[in-house]
Structures are given as C-alpha cells and as structure tokens.
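This report refers to the structure that appears directly beneath it.
Just so it is clear, A, B, C, D and E label the chains in written order, and each chain counts residues from 1 on its own.
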Amino acid sequence: MSRTYELFIGPNHPGIPGNFSVKLELEGDTVVSAKGDPGYLHRAFEKSMENRYYIQNLALIPRICVPEPDINEAAYAMAVEDLMGVEIPERAKYLRTIVLEMARIAAYLFWMGGFAATLGLYTLSQWTVGDRDYALDLFAELCGVRVYHMYIWPGGVRRDAPPGWEDEVLAYVRYLRDKLIDYDNIFFKNVMFKQRTRGVAVITKEQAIEWCATGPILKATGVAQDVRKDDPYAAYEYIDFEIPTLTDGDSWARAMIRRWEFENSLNIIEQAIKKMPKKGPVWTKMPNPLKWRVPKGEAYAKVESARGEHGFYMVSDGTERPYRVAVRGSSHTHMFTIAERLLVGQRLADVSHILVSLDICPPEFDR
Amino acid sequence: MMDLVDRIKEIEGVKVTVQRHNRVFVDVDKDKVIDTLYYMKHVLGITQLSFMNVVDRIDEGKFEIFYVLYERESKVNVIVRIWIDRDNPVIETADKIYPPAHNWEREIAEMFGVKVLGNEDAGKPFILENWKDMPPMRKDFDSVKYCNEHYVFRHSEEENE
Amino acid sequence: MVIDKIFFTIITPIFAFAVGLSFMMIKLKVSARIERRYGPPIIQPIYNILKLLLKEENISHGVIFSLGPVIALAGSILTVLFIPYAGIKLFTGSGDLIALMYIMVIGSLGMALGAGESANPNASIGISRALTLMLGYDLPFVIIIISVVLYYHTTNLADIVAAQAHGHWTLWSLPLSAIVGFVVAYGALGEHPFDIITAPHEVATGPMVEYGGKHLGFLVINHAFHIYIEIALFVDLFLGGATNVLWFYVKMFAVFFIMMLFDEVYPRFKIDDAVRFFWKWPTIVALISLIIVLVK
Amino acid sequence: MDRLTEEQAKTIANMLRKRSLWMIHYCTGCGAIELPPTMTSRYDMSRFGLAPFVTPRQSDILLVTGYVNIKTLRRIITVYEQMLDPKYVIGFGSCPINGGVYWDSYSVIKRLDRYIPVDLYIAGCMPRPEAVITAFRTLMDMIDQGKADGYKRYKRNLAYYKENQRKVLG
Amino acid sequence: MNIKEYENGSFLKPLASIKYLFKKPHTLRYPYEEKPVPDRFRGLHINDVDKCIGCGNCRDICPCAAITMVDPSDIHPIDKNKVGANPVRPKIDYGRCSFCALCVEMCPTGSLKMSKDLIYVSPDADSFNWVPLVEQGREEGYTQSDEITPLMLEAEKMEELEPDVRKKTFEEIVKGFTREQALKEAMRCLGCGICMQGCPAHMKIPEYIQAIFDEDNKRSVKYMLEDNVLPGICGRICTHRCQDACVYNYRGEPVLIMWLKRYATDQLESYKDVEIEKMPPTGKKVAIIGGGPSGLSCAYHLTTMGHSVTIFEKGQRAGGALANGIPMYRLPIYELDKEIKHIEDMGVEIRLNTEVGKDVSFEELLENYDAVYIGVGLSFGRYIKLKGEEHPDVIQAIKFLRQVKVEGRREIARRVIVIGGGNVAMDVARTVVRLQQMAYGGEGTMVQTVSLEDWDIMPASKEEIDGALEEGVIFNPGWGPNQVLLDENGKIRGLEVKKVKYVFDENHRFNPAFYEDQKKVLEGDYIVEAVGQMYDLSFIPKELLDKLEFTPRRKIKVDEYGETTIPGVFAGGDLVETSRGDAISAIANGHRAAIGIDRYLRSKK
C-alpha cells in the first residue's frame, strides 16, 4: 500500500551544494532510494589537459574544485615535481603550507555558511562568507586574484609574499579566532544545531572503512587518517598539529570535526609563519614552458583537502604535454558510495544537510 | 613498509615496482586482478580504494586500468595496474571488494567505453547526457574537431540573430 | 452606524496591511544588522509587492491554483475584521473567538488548495507540513484559549480586551498561558525555527514554489496580514489590547521585536520535532495554566 | 487614471522593476563562488534590492555564472522559460562569451547568446564582487531606459533560438 | 578544543549574537566605498605597443587561445619597418582570457602587463575583444618579476680554451656544445622567429632549433641547408645577427643560435644522409666565377633546382675567404672540406686553379653557359696611402692571413703593429700572437692594434675584441696612423699616430679628422694593414665592364635577384650592396641570385 514518488533535488535547488542533482524516491517524506545525477559541471578537464603544455594547465587545474582551488595546484605541482625529481626551496614549502591552510580556512568558512543555511540559520552564512572575503583579499595581495590563484606551480610558488603580508595573515588569524567565539555561540553551541544533527546519518567506523571514506568523514568515526601526517607534503612535516577524531560518526560529529580542523588550520598558519625562513628563493628554475618535457613515468600525488584525500594521477610520455592526468576528488566516493547509501531512510528535511555534512563538491567529480 | 612490499611480492604473477618510499606499483595480469584485489583487501588488509581510472595507451593498442589503493598502517599507496585490449575492453567489476569501484567503473565505462562485467550500472549515462559520439576520453577522440563541428565560436564570421 | 461599519470595514484591512508591511520593513533592517550588513532600503517590500503585481506574464495551473492565493488573502482579510484593535470592534459578539479560530484556518486551506493544484511535490510536502504544524500548535492554542475563556467567562474577544483594561493584562493574571501564547503565535508566524513550511533548502519555499508574479504578490500581501493577525491576537488576548492606534502599534511592535531576535539566531526544526515540541512543553504548561484557572 | 499614458506607465513599471530584482539562486558554474561574497555581509547586494530566490517562477534575473555545459544548458533553458516576464539574463565571466578557458572542451557550449538572449556580460574569470555589483547597477540602468529587452528578443526570434538549442541538445 | 563544551546545546548562548544589532556592519558599501586594489592585481591587460615587438609568445603560451596577433594601425600607429619586430600586436579576447598572467610572465620585452582594473560590463558580447593599449588609462597591476620568470634568461656557458693555452696553438678555441648543453640551450628558444629577421639568409631558426631539441640533427641540418649551404661554417664564424635580434636580449642573454647550429652540424659526419629535395634536371648550364661562400651558395641552390653548375676558382681550394683568410683557430679546414664535399656530392663541378681571364675568358663563359654569376669577392687588401707604406715589412692583412693559413708561414717579428679595428684586424692580431708564441714562446713580444674608432664604435665584434684582449693584444683606439718611422738601417722603427677628433662627420659619413698636434709613436718592427679590401674585376673585358653599372659606393648595381645590368650576368657576395661583408650575407645573396638565375633561365626557355 506504500506509495512512493520521485523528487529531484537540484540542480536548481538551494539545498544542493552546487550544480548537481540527486534523484530521491520518497515515501511520505522518508527517502527510499537516492541516486546522484552528476555531469552538470562536466568540462572535460582531463581531456583538455592532454592538449596543453604543462604550464598552460596551470590555468585549468584550480578550476577543478571551486571552493578550494589551491589543493589542485599543489597536487598537480607535486605530481610534476615527482616525475621530474625536483626539490622545492624551503621558503616555498612554507608559503605553500600557508596558502593551502588559508584555502582550507576559506573552504571551511564557506562550508560553515552552507551548513548553517541548510539548517535554516542564515545569519551564520552571512557572517562566515563575509569573513571569508578577507581571506580572498589576502590571496589577491599575494598573487593578484581572489579565487583562482594559480600561485603554486611546479618548482615552488609563483611570487614571494609581498612585504608585510605575513603580518596581515596573522592579524586575520587573530580576527578569526575572535569571531570563532561568535560562531560557536550562535551555531556550534546552539541547542537547535544539536537537535537537528545528533544521531542523524550515522556512519560507523566499519562502514567508513568499507566505503573508503577519507577526510573529516573518516575522522568523525574515529580513524585518524590525514594525508598531511601520513605522507607529508609542503612543510607539514615541520609543523606540530594533531588530527582531531570523534567517534560518533553522525552529522554533528562531522560538523564538529570541521570546526576543529578550522581551529587547527589557524594554529598551523601561525606556526608556519613563525618557522618560515625570512628570506630565500621560492622557486626552483623550471625549463622554458614551451619546451618543458617531463620524463616518462607515472606519479600519484595526493593532498588533504577540506573534504578528504585529493589526488592527481599523472602519466607522462616524455613530451611537452601530459599524457594523462586523472583527478581523484574525494567527493566522488563520498557522494556515490556513501551519500547514496546514507540517505536511504532519512527524512527529506535532512537530505540537504547530510549532503553538506559530507561536503559534496560537484565540480570535483564532474571535472 | 618493506614488509608489505614483500608480502605483495609473494602474490603469484605480479611485478612490483617501488617508485618512492610510499608508492608501490603492482602490475598484474588482467585475469588475476580481482583475485589480487581480493587478496590485498582481505589478506593484506589494504582497505581503501582511493582511485581507479584508465590510461589510454593507444600506441600499444591497450587500455591501462589502475587501482590506487591505500594501506593505512604502513601508509603506502599500492597502485595495481592491468592492461586490457583496446579493441575489446572488458574488465570484471571490483565493487564487491571495494564499493567505491562501482561508480569509478561507471565513469570509465562512459568515458572510455570499457565494458564492466557484473556492474549493471556501468554503461548507463552517468556524467554525459545524450552523448552520441565515441567515448570522449579516448585518445583518438579529437575534442577541438568536435567543438568546431558542434559549436560556433565568436569572431568567426557567421550569422547573427 | 452602518456607515461607520462600512468605513471601518474598509479601513481595518488597510491598517492591518500597513502594520504588517511596516513590520516586514523593520525586520529586513534588523536582521541585516544582526547579520553585520546594512540591508535593503526600508521600503523594499513595497517595491517587491508592486513589482510582482506588475509582472507581465502569469502562468497558471488552473482556476484552483489561481484561486488559492485569493482564498488565502480573503481568509486573512476576514480574520482581520474579527480582531478588535484600538477600541474598534467590527464583528464582535458572543463566540467570535471560536469563529476566529475557524476563520484563521481558511488562509492555510486556500494555500493548500492552490498548491495541491500545482502538482509540484515540493508544494505538496510544504502543504502537508503546514497542516501538520498547524496540528502541532493548535493543541496548546486551543488549551490556552479555553483557559482564557474560562478565566474571563466570555468568548467575546472584545469583552476579553475590555476586561484587561487598566493594566489587568492576562499576561499578569495568566503568565503561563501568555508564554505559551507567545510560543504559539511565534510558531504560527513561521519564523525560525518554525519556518518548516517554506524551508528553501528542503522544499524550495514549499507551497509557494510554483507561484510567481501576481500570485506571489498576493501571497506577500497575505504574509503582511498574517503577521498582523498573529500578533494582534496575542496583544488582544494577553496584553490588554489598546485604546488608541499608537499604543496598539507599540505593543505589537514590542512583541514582534522579540520574535525577530529569536528568528535570527535559531536554525530550523524538523517537522516532527516541531510537533513534538508543541505537544510537549507548551501543551504541558498550557494544561497547568488551565488547571490553575479551573482550580481558581 | 486615463491621463496616465502607456509610456508613463512603462516608466513607472521599469522604475519599480529595477528596484526589486530577484535573482534565481542557480549556481550553473564556477562563477557562483564570487556570488556569495556579493550576496552576504561583505558586499551585501541587498542594498540594491537584490535578493536570491529559489524557484524560477519567483525570480527576475537568471545569472549564468560561468561555463555552461550541455547538460546544464538544458536546465538553463527550462529555467529561463519558466521565469515570468520581464526577465533578464547576465552572463558571468569569459565562458558565456566565447567558451573561456574551456574553448576546446567538447561538453561546454561556446556562446550563450545563441541559445538564450543575454542582456549583459561581465568580464573576468572570475569577475570580482565589485564588477558584479557594477553589472547589477548597469542592468538597473538598462531596465530604467528600457534597453534590457532580452525576453522580447527571445519571443521575437524564438525560431532562431529553438533551432540552435535543438542543434546542440539533439 | 574541548568537545565537552559542545556536546550539550545551549538555548541562551545564540542570543549573544544580538549584540551585532548595535555594532557597525562590516559591509563595504561599494560603489560608495572602495577597497584598495592590491599591487599585484591581475586585471585587464595593458600593452605598451611601442615597446612590444609582436613576437607572439603571449599567443603561444595562452592556455585559452585568447590572443590573436593583429595589426593595430587603426587605433595606434606603429613602426612597421622596425627590425626585430613583427608589425602585429596582441588582441585579447576576454571571452576566453582566464587571467592567468602567463602571457605577462612570458613577455620578453616586458611590454605586456596586467592592470588593477577588472570591471568591464557590456551588453554587447562582441565588444569583449580588443587590443590593449597604455592609452586606455588602466593602472598597472601584475608585472613580471626578474627573479621568478619562466623564461630562461641565462645562456649556457660555452666552454673555451683558456687564453694561456689557446694563444700557443692554432687549435679551435671554442669546444662546441655537449649534448646536454645543446639540449638545454635549444630548450631556451621560444620559437617566435624574430631572429629570422636578423639573419640575412632568413634561415628557419626556430624549426632547426626545435629539431635539435628533438635530437633529430638530420632534420635540423635539412632546415639549415634550405637557406644556408655552409651551416657548419656559419656555426663557427657567423656574425650571428640572429642572436642580436633574439627577443631574449631585452631581458637576458640571447639564445646561442650559432653554437647550436655548430652542434647540429658537428654531430653529422657528412650530410649525405640528409634528405634534400632535388628538382629534375633542366639541362641549363651556369658558370660561377669564384668559389667563395656566395658562389658556393649560388651553385648549390641552382643544383637543387636542377641546373648544372660549374664553379671556376682560381685558388687551389674552394671557399674564398673561408679557405684563405679566416684563421684556423676559428675555422678548422676539415670543416670547410666537409661542406664543400657535400656541395660537390650534390653535383656541383668545381674547377680549381682556373682563373677567369687567364685560363678561360669571360666571353667564353658567356657563350658556353646560359648564365654567369660573378662572386669573386674582395680579394685584394686596400692601402691607406701612408708614408712609408711601400716598405717590405708592411703587409696587407689578407695577404698575411693567406700566407699563414695556406702557405704555412710561421716566421714573425717580435713587435707587430696592426692597423685597423675590424674583425680582420682582430684575426691578424690574434694570429700574430700565436705565431709569436710559437716562435719566441712569447718572450719580449708585443702586438698592438691601432684604430681610428674608439671602443664604443669599433667595428670588430665584442667576442673578438675580448678574445684579443685576453690573449694580450694591446689596443690603441682613437688614433690614426700618420707615417711609418724607419731607423738608420732602413728597418721599421715604429708607427707615428695622431689623435682622432672624430671619425664620422655630422652627416654620419666616414670622414675622419685628427688633432694634428697630438701625436705619439708606437714601437714596432712589422706592420699589418687591415683597413679593408677591394675587388678585382679585371677579367671582364672593357666593353662589357662599361655596360656594368655601379652604385655610388662602388658596388655592382644589381636588382633584387642579383641580376646586373648585363642580361644573364648575375653578381653577388661582397660585390653588391646587400652584403655586409660577412659570410652569411654572401651566402644569402648567393641564394637570392640562384633564385634569380632560375627565374631567368626558366623565363628564357
């Protein structure tokens, strides 16, 4: 006697993080089955990259993931450096770390806004997205552009930090610490937030491992896995930080892990600025871009994004253009393997916040 | 870490290349890949499939399919590679071993035209919609030519509304 | 006398609309301030309504669909006429409080009719949420109405207002009922955390999803009336009404201002949580209040 | 009332329209990343009466934020057709103009104005919030002067647009 | 973070946020308030079109294919005849641009920059495509940096013999690139082709450098041979005007095109494996007088066009100045043999020891051949009409060099004065240094040069001057020879010189003037005059010579394709105006003449 009906969430739906669609089958307002429908942002990056010089791809790669472009730049640069056997200067490592953490902060601020909005608290979105703007301004000062920085490139970074930039970053970190108290008050300590998220969409540790989750989702189930620790890149090996874990595995735990990571990032930035060599080269000279041949071989470079492991698998055939670049966005697994299973049995009201709590980023799997 | 490599080497018919301290490439025969993956997960305890995709080796007439696995204890990425025939690209699904493989297989089925046995979703439209040409990620698909045929660029002297 | 009645029948909805609209305007500014921004110009709602009414094209899914907003608006205007304000009583008589409770449902039913016609699942879900939520807050609402009625021994709203003259507000005499009344009015207003009906991130504005242009204009106007009705009723029942317009407005504004603050800082309930919430604390408190009244 | 000529009525209508522009919150591409800063507290575009809305029926502006691939184009056309007149389209960044960085991508259309009429374009990849606000203000001026007539063009040249849409969508 | 604090939600804490109701919003009220744009902002482009050379590197690097090179004359007039520049400028399509600023990084002149302005809205989609100019008034934003630039500004260091070693021997100074060096240097080339404008022969430089980079030296030599028949020689002694034109000069060191050419040719034992297109035989015969570079060039190209060619060379070795003049340490003789062998292999007949006018007459040639090409070059040294010049210890440079290279002269005086400041003077001076080292071990020897020109306008190339200085040659720039001083035994005692007032007069013509009161004496036993050469056309009969017209600078007047005023007679090499006195321009006008002769022959039928 049960009657089910279909409901498309997205692509034009505020509850969906980006241009993406989920086909839900509902019974009443309980989800019976959920199927992701990707492809609205498919731009054939991997194809286009095969047609371009290594340096020209610099313009493409940050556009793979919009909220946090720098992870792509870093992973791409690391893959190329791996193939070429290039070591990057010390200062460049630290600058990369700072930029990556700034991007993480920006991504988490954006995520906080999005998450609060799916729960109906628009005030926090207004605050966090507004505060994120200062980070973008700092990026603009560093590399000239607010969003697509194209700052990290093979061999190091593109420009040294302008004088006084470090101090501005530190001031921004202090500002965010101050504002974090307000975010906590209005959202993370809010009774309604707890009410909506605790016990919702629980992933157990076993499930998380079986489904190959990474990033905050895995940490929220109690597995301390983080590429920054496991396979340190940039300057993370010199920096002291802890991987936060919780054991609840629900929407609340995932949100709290992200908030925790946000605070961690603030610490990492402060440490990195303190430890960074004050002077020095920031780039290892690379060949003429038009005749830049990368030795034959394969490399898999991975970085920790705000969402999980972000990897670039690069194959070079020894010419000026990559033979194949394959991008592993963590959202692919999180959406099609986890969310599709996790949404079943949930209420319609929870669908969008579960999706956001998994931090689904459609450009990552559409590519 | 060497322990893991040694144990991988014990698997019959694999060729192991240690590229960096934590990247191990394992070349396997295409018929044995499912057994190997099963062994890796359930015996060696490599629980995470990070990534899976295809490299079109058009000169050799092959598709190279790689599975990027991750071992949490020794922090090693094990990359299993198989080569299949490009003219008759068929693989067996690995989604019973690693659930995320299911959707990576959908993607490679669509983008490269690889047939996946045992995965009923592979072959259905996933990312593309109404696609009629050859699978677009194949090397012999010329993207620029396709664009010139299907789209109109600005400043290329043509009718206006 | 008849001319008076006709005059006030015309002027009352206009007054109600003006009050509701002014609250909408103020709310834009207040919420913007809390969100650390300046917000739109203060007369933005007027622009919005006029623009919507001036839309050139209107898509309709049939007569009932178009009728929905009209019924809702008509219901609201009718409700407004039943609410005494500033000493002006239009349709008063014995049992008007009971009548009012029935009329107030018309608005929602009108919406339900129209939205049901649009064949959009979001709209259907929104309507089912609206009706469920109504079920939720109606239980404590009925109980406190009973308490008030029993307390004043009348079902005439004007008499209740009159009985509260000289500062003998129900708020003081029945504080528990007043608190519940506030919560119920707040819930009925559909502000956070009770904006379950329209929840953009869940059901894409719910019943309004298919409405645009003039229809939407009517719904926005209806919202202004809605604000007026809920708050005016609360003021009449618990804050002793008022003898002049200004005083009435000030009382309403005080209530609305507190509501605005809550609206800004809480996320949204899930529908079953909301119903559970209404049936738990407000109902218990209302019952206690009723028992107190009965014991007295 | 009959003294009010049609011309004057139009002027008043345009004046009201430009003061209350509701945009549909549809993130079609990466340009959507610079919209939140514009919408939220730092730039606060609601100062100009702009607000994000969720369904096409309620909205006046369609922002095509960046590249449009074929799958999205189908939805954009649906959304555009669902919107009520008068409606306006703004193309964000390079991609809707001539393909942008995806000029050689098989899945991204190169010229948006072949499929739906576009009233205004913004240069940049991404356009800065300042540019976005400038664009909104320009659009307001255009509405005031009655120049933003994309929806009329769409009706007038429906056959042309439909033909192009059919060609690319198959 | 203490997770305990968060586990229980609070009802009242959210209300703390109401404090913002009474605080000033942080909204930036654009357009009424503006925030400063950072200095590095990557906005719309600015291009200084006067500085821009239209090399097209921005177009090549653009990932979005947003840049087209167009003629901007209608909006901004440019100097279209500027050498080392293409008359086009970048036009940028903002329907493509991704603001990556790679074009800025790659701009060799630094003319292209990005501005701080990124606000452009327009209802007209076609208006997003323009030529950026400075006049558009945008404020400068992102510019290139000298420390971090994808351009490889520094050239590879060529390994050379140390001065102390090299001045004792005639061994070749420059060792040539190793494979790694050559690949690295070839990698530097951007492939823009501006260098081709500098080269008189317009060689396909980008293509052959790309071939070197691809490690396909045969393909590389094939490209070279299309325009230059003596690539190996040009790879050693060329005046490399290509390198002077190289776009890297604006910000760093030019690509060492010459050494790359040498590297490619050195890798091949012979050119017989190089695929060269040869047209079917036409049966026409061409006589070429003089086996110098222009003659060889003309002959080779005519052969590839299918004509049969005979070279008449009066010496015992073809090559002209290459064989007789250029010292061994710059050009080993085996290299010349290799290239001449290749020309002979192609089917050119070279008659050595055959002097036109003596062994065979000019009229005979005109009769027996369908066309005649005169490429005799400047084979006689010029005199300066100095007092005492007729002394036997005063010698012409060209004669001296031939004596050393061909006849194997080894005796030399201890103190030698070289008159002249050109490359020939440098050759003489450095040859003398070697001879002195061989003869005396360098003890008590001295080589001095004296030239009218001061350092800044000395015609010799910088490398040569530096090499000479390193080898111990003493320079006396800015002095003019006055007279040769003899001692009582009639031996040369020295050279009296006077201070130069100016070399070029106000009309920029060569017209030296001296301070007659400032004189000094340079001590020396032997004087070599290296003040220029002249031609000898005495083999041409008088009546024909009269028909031959000359230019005001006493060069043979020829048309664009080398044809003289006598039909069927062509001239090239140093005899004509287009020559700049170096091998490459002789090769170039030899090639031009070959094309001219081919046209002439085919039109004659």
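Keep in mind that, in the parts below, a contact is a pair of C-beta atoms (placed from the backbone, for glycine too) under 8 Å apart; a residue touches a chain by one contact, two chains touch by 3 or more.
This is a predicted model, so every value here is computed, not measured.
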**Item:** Required steps from chain B to chain E (each step between touching chains, minimum)
**Value:** 1
**Prompt:** Measuring between mean CA coordinates, which chain is farthest from chain E?
**Reply:** C
**Chain nearest the global centroid, as defined over all protein CA atoms shown** = A
**Prompt:** By number of C-beta pairs in contact, which chain pair leads?
**Reply:** A-E
**Asked** Quick one: chain A and chain C, Cα centre-to-centre, how many Å?
**Response** 43
**Message:** Between chain A and chain E, what distance separates the C-alpha centroids? Give it in angstrom.
**Reply:** 53
**Message:** I'd like the Å distance between the centres of chain C and chain E, where a centre is the mean of that chain's Cα atoms.
**Reply:** 89
**Inter-centroid spacing, chain D versus chain A (mean Cα positions, whole Å)** = 29
**Request:** Give me the residues of chain A that touch two or more other chains.
**Result:** 13-14, 39, 42, 44, 47-48, 51, 59-60, 123, 126-127, 130, 148, 186-187, 190, 192-193, 195
**Asked** Touching two or more other chains, which residues of chain C qualify?
**Response** 32, 34-38, 200, 204, 264-266
**Asked** Which chain B residues reach two or more other chains?
**Response** 128-129, 136, 141, 143-144, 154-155
**Fill in**
Contacting chain pairs, sorted by label, are A-B, A-C, A-D, A-E, B-D, B-E, C-D, C-E, D-E
**Message:** Per the contact definition, I'd like the list of chain A residues that touch chain D in the complex.
**Reply:** 11-14, 18-19, 39-45, 47-48, 51, 59-60, 63, 66-67, 110, 113, 125-127, 129-133, 136, 146-148, 363
**Item:** Parts of chain C lying in touch with chain A, wherever the complex brings them together
**Value:** 31, 34-37, 121-122, 125, 128, 192-193, 195-196, 199-204, 264-273
**Complete:** Touching chain A in the complex, chain D uses residues 24-30, 32-34, 36-37, 39-43, 52, 54-56, 67, 69, 71-72, 75, 79, 101-102, 104-108, 125-126, 128-129
**Item:** Interface residues, chain D side, partner chain B - complex
**Value:** 70-71, 74, 97-99, 103-107, 109-111, 113-114, 153, 157, 160-161, 167-170
**Asked** Tell me, which parts of chain E touch chain A in their complex?
**Response** 1, 3, 5-11, 13-14, 16-17, 26-27, 35, 37-42, 57, 60-64, 98-102, 106, 114, 141-142, 145, 147-148, 150-152, 186-191, 210, 213
